[in-house]
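The following pair of complexes shares a single chain, chain A, combined with chain B in the former and chain C in the latter.
Here is the complex of A and B:
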């Protein structure tokens, strides 16, 4: 193919997910010619999460996003933790009202990715991006110096040239590995396999079962304890408009070593005496699974090289404890796009020029939080009692506290205290709390 | 920490009473809810070397794959039902011998989540 027949864009974005479409929106609005390449039948076909999206990130990328009618399910008006005990108990630690009662722009919306990502990519198209679906990027085109100058796709004559490529390929970051930016593949001990059922129920049934006044109210909870058989993992429940999403993530090395079938573990969770009445009579709409890269800071690839930047799950931008990832992806996509726009102004796409991308991430919560939480992934590996002993203790302690046994409270409190020290020696429990503080605060 | 690989892979057991609380789900009941565009010409998953699987004592892929792609055939060989794959990547990274070939399906093929 001669030079003037080459397909050329000002920028190529690989993957129309949270990060990719955000990047394409910003690039398109700046008047750059951008190709947004998506391997699915449409944007969203391959994308998966719990889940809820944070509005701060959407607003930062697309300030008028609410006027564009995003396909949200419900705002999150109640959030928190549920603790399941092995004997069938459920302790709820959730918050409603306060900040979560904000009606002008709620903090987060429960969302389903197939619909949302299609809409998100459409916003990129409306900003001027050229969406190329059903196309898998298989490799890069590089110049003699090794600088990326385009991508090879699996279409006939599918080479696409651009001076800057933003990789938003997701957790299976094989392209990032191909460039040597990620030195290793995903480590099973640092990845959670999340799996979920979307279960159809009438809206009124959902509202009644979850104590929600109407479909302008929604619940998002993390579920601890018996949900993952006491192994490192965490469950979740989200109320959609006419369905609920129930699932859990378990560390992949744990699933492999214990040889657990994810769908068995999920079914056990759904059969828990506190969960079963919530899903009773529902119809399974869709089952699915996705890996979450939870290695964070320590597993983060190099974020840029000549002609290329990496954003989102491909760059391990996940804060597992706070269920953050999509917001980091969107903002990283935007920052990569801004870096590409500046590089165009300078006419310089070298690694030195694109290094500004990392500076921008460092100025924001993204790299700051990931660095602070750099030890947290390992903390849960080495402190499995947070998945088992403590949730069970909290449940039985609370049940004791509110039960009238006809005995002096002094005796009861001694028993509750004894219950804890029986499950976990006191000094160890104190040590656990200190360790958790360190893992969260990044000391 | 990293997962021990190769012959060093360590299988663990749940306490018997806890294990007994696990139901046994028929994976096809999950699969019928999924929509796929199946590439009839090319599998995007493959076993690199069946001799390695023969040596693999615990064969965790038979369990942890969330859609049961891997089964043991009557000939004792691992069979790969790539048509059911949801492209999560677990098998590629958690096979103790890294013996599973894994690429993305061709553009447009593979799982297509309706809800996600």
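Here is the complex of A and C:
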């Protein structure tokens, strides 16, 4: 390659994460010459999550993905909520079997991103994408009209030309901001810092502690209540094959306001009487953290402009309550790729041509859900009783219900009811339920 | 035109390696493989001088197919061609057998295109022997300068180079005839951030793989385990000496402590030595 020869591709995808590799798989399969640019040493080296991946999205992007041996840990065979009370109690509301077991393909698999993302990018390579690691896109190349016609990387002679660029740069969306599509950095009040420990334990110990018959069964739970010092936050527990992932997410502004160090919050959570026995005797394998953009609909940047589209965390495509984000990212990446393919057929990469991307997102659950949950991002913050009062009440009420104190049930029920109204006046409790419903339904 | 040849090795990243206390062997499982750092600096120097003088850099390595990753990295760093000498029969080679295979390979490459300067790292960070470079130079009957830290000049017309060599006490400035071999320390050159076209070329590059089948004719008795007379008798980590016994003066008082210490020294038969030292 001579020095003055331009590097050209049919499309550039920035970032080999969930969205980026999905886009590259679709573009590659369509026979387009696509560059997938990743700043890490390899795909996945910068990524981190809880977490579990939903198979519906994987299947939509890559129908034969199961035959390609993805590096999953365990399928999710038990899912739900755990409520921790301040006095050390644990109430479990999980489902196993039933609907979860009905489908041939499990709904979700517990996964480690470092391994998975490397595999996911490899699928893109096998589809024909050209993966360029260790390279950071720092800016764009534009024509006289301002339309994006390529990217500038941090390397010498680092320009890459392409008529369409799909930005899947993740939560720290500097490029999206550079284009003016996002106005500013994600606000601390709209970003959760999720941090976790991966704790190594023998497989048999994990199976015994979590009541799982073997490593073809796995547990994924959201943990509410006495998780994050009564501050808005949600914990999680996932069983890997030979380790467990335990962590929590707390809004960034909360951490700042109370001057909390994530590690201290996590330590306290791990010492909760209901959590400590689960991790006991384990060896710490990893400690890590990642930002999650939870602003959703309200923080969503403009999703396209001339020559570019934005997908995944960079576009705040996260539904925090339902732990959805990776699935939205994959499908958004696919839809952006399909839009790019259509633009190639038309030979038109203008903003008007790429506007189809937004329509496609609108037709799917992604924009619909994000719009519906647009008020939820701030809901827990304005209603801390959901993290504190109600989990404690539920624990206590349940304990009362199943205890024989030798007194009439009428009295007991009155006491339980009295406890609730003591903790939270009845009208307020009713109001809380209504606002919760509104936040979830998007009214 | 300057033709530099650089020999490189892939090594486990010894910065996060453990030693199995039972067997004394390195635990290689899960340890990332990296470009031997000294080789990387040597390669950077070769590329730097190729860019100054014009010419090419050829990289050669002996090892399993996984070394292809390292050779691609060499291309990314600016090498023009890369050769991997790889065969199951080469497995288990000590430094003698390795230097034989590399010397014969380099002899062949030199016939194709005469080499002006051969670069090795001063040693590999896994074995730390620093023997293979000198072994190859001896077999090829080449002058060698070890611990090279700076190339001052390469004069292709006059067929000589001026290179600085670090010793324990000072730096020697040496005039060398070409062709010559250098084994390099890290100061020889900084590793630059590769231009994008070089990275892209490296990602598409497949090094040429040479085996026992050719093109070099290797003597079966001199390669791999058969060609390796080194026998590792035992490997282990040195045991930490037991800490000495402590006598607490606060508990027994200074007088008693001194008396007890002297008594222990006497019974251990070292008292005269202690007193002798105090004289």
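Keep in mind that, in the parts below, the second predicted complex is superposed on the first by the 437 of 443 C-alpha atoms of A that agree within 3 Å, B and C clash if a C-alpha of one lies under 4 Å from a C-alpha of the other, contacts with A are read in each partner's own complex, and residues count from 1 in each chain.
In this text, contacts are C-beta pairs under 8 Å (C-beta built on N, C-alpha and C of every residue); 3 or more make two chains touch, one makes a residue touch a chain.
Predicted model, so just to flag it, every value in this text is computed and none were measured.
Student: Please tell me, clash or fit, for chain B and chain C sharing chain A in the overlay.
Tutor: When both complexes are placed onto chain A, chain B and chain C end up side by side without any clash.
Student: Regarding the shared-chain residue A:153, is it in contact with chain B (first), chain C (second), both, or neither?
Tutor: Both partners, chain B and chain C.
Student: Once the structures are superposed on A, label A:67 by its partner contacts, choosing first (chain B), second (chain C), both or neither.
Tutor: Touch status of A:67: no partner.
Student: Tell me the contact category for A:130 with respect to chain B and chain C: first, second, both or neither.
Tutor: second
Student: Using the superposed model, measure off the angle between the directions from the CA centre of chain A to chain B and to chain C, in steps of 10°.
Tutor: It is 60 degrees after superposition, to the nearest 10.
Student: Comparing chain B against chain C, which has contacts with more of the residues in chain A?
Tutor: Touching more residues of chain A than the other partner does is B.
Student: Could you look at A:104 and tell me whether it touches chain B, chain C, both or neither (first, second, both, neither)?
Tutor: neither
Student: If you stack the two complexes on chain A, which partner ends up touching A:187: first (chain B), second (chain C), both, or neither?
Tutor: first
Student: After overlaying the two complexes, what is the shortest C-alpha distance between chain B and chain C, in Å?
Tutor: After superposing on chain A, chain B and chain C come no closer than 9 Å at C-alpha.
Student: Between chain B and chain C, which residues of chain A are contacted by each of them?
Tutor: Chain A residues touching both partners: 134-135, 153-155.
Student: Please name which positions on chain C make contact with chain A in the complex.
Tutor: 193-197, 199-201, 203
Student: Considering the complex alone, what residue numbers of chain A touch chain C?
Tutor: Where chain A meets chain C, its residues are 1, 3, 5, 7, 130-132, 134-135, 153-160.
Student: Residues of chain A touching chain B in their complex?
Tutor: Those residues of chain A that touch chain B are 39-41, 44-49, 112-117, 133-136, 153-155, 171-172, 174, 185-189, 191, 193, 195, 198, 229-230, 243, 252-253, 255-268, 271, 284-291, 378, 381-382.
Student: Which residues, counting only chain B, touch chain A once they are in their complex?
Tutor: Answer in residue numbers: 1-3, 9-14, 18, 21-25, 27, 29-31, 33-34, 37, 58, 60, 62-64, 66-68, 86-90, 92-94, 96, 102-108, 110-116.
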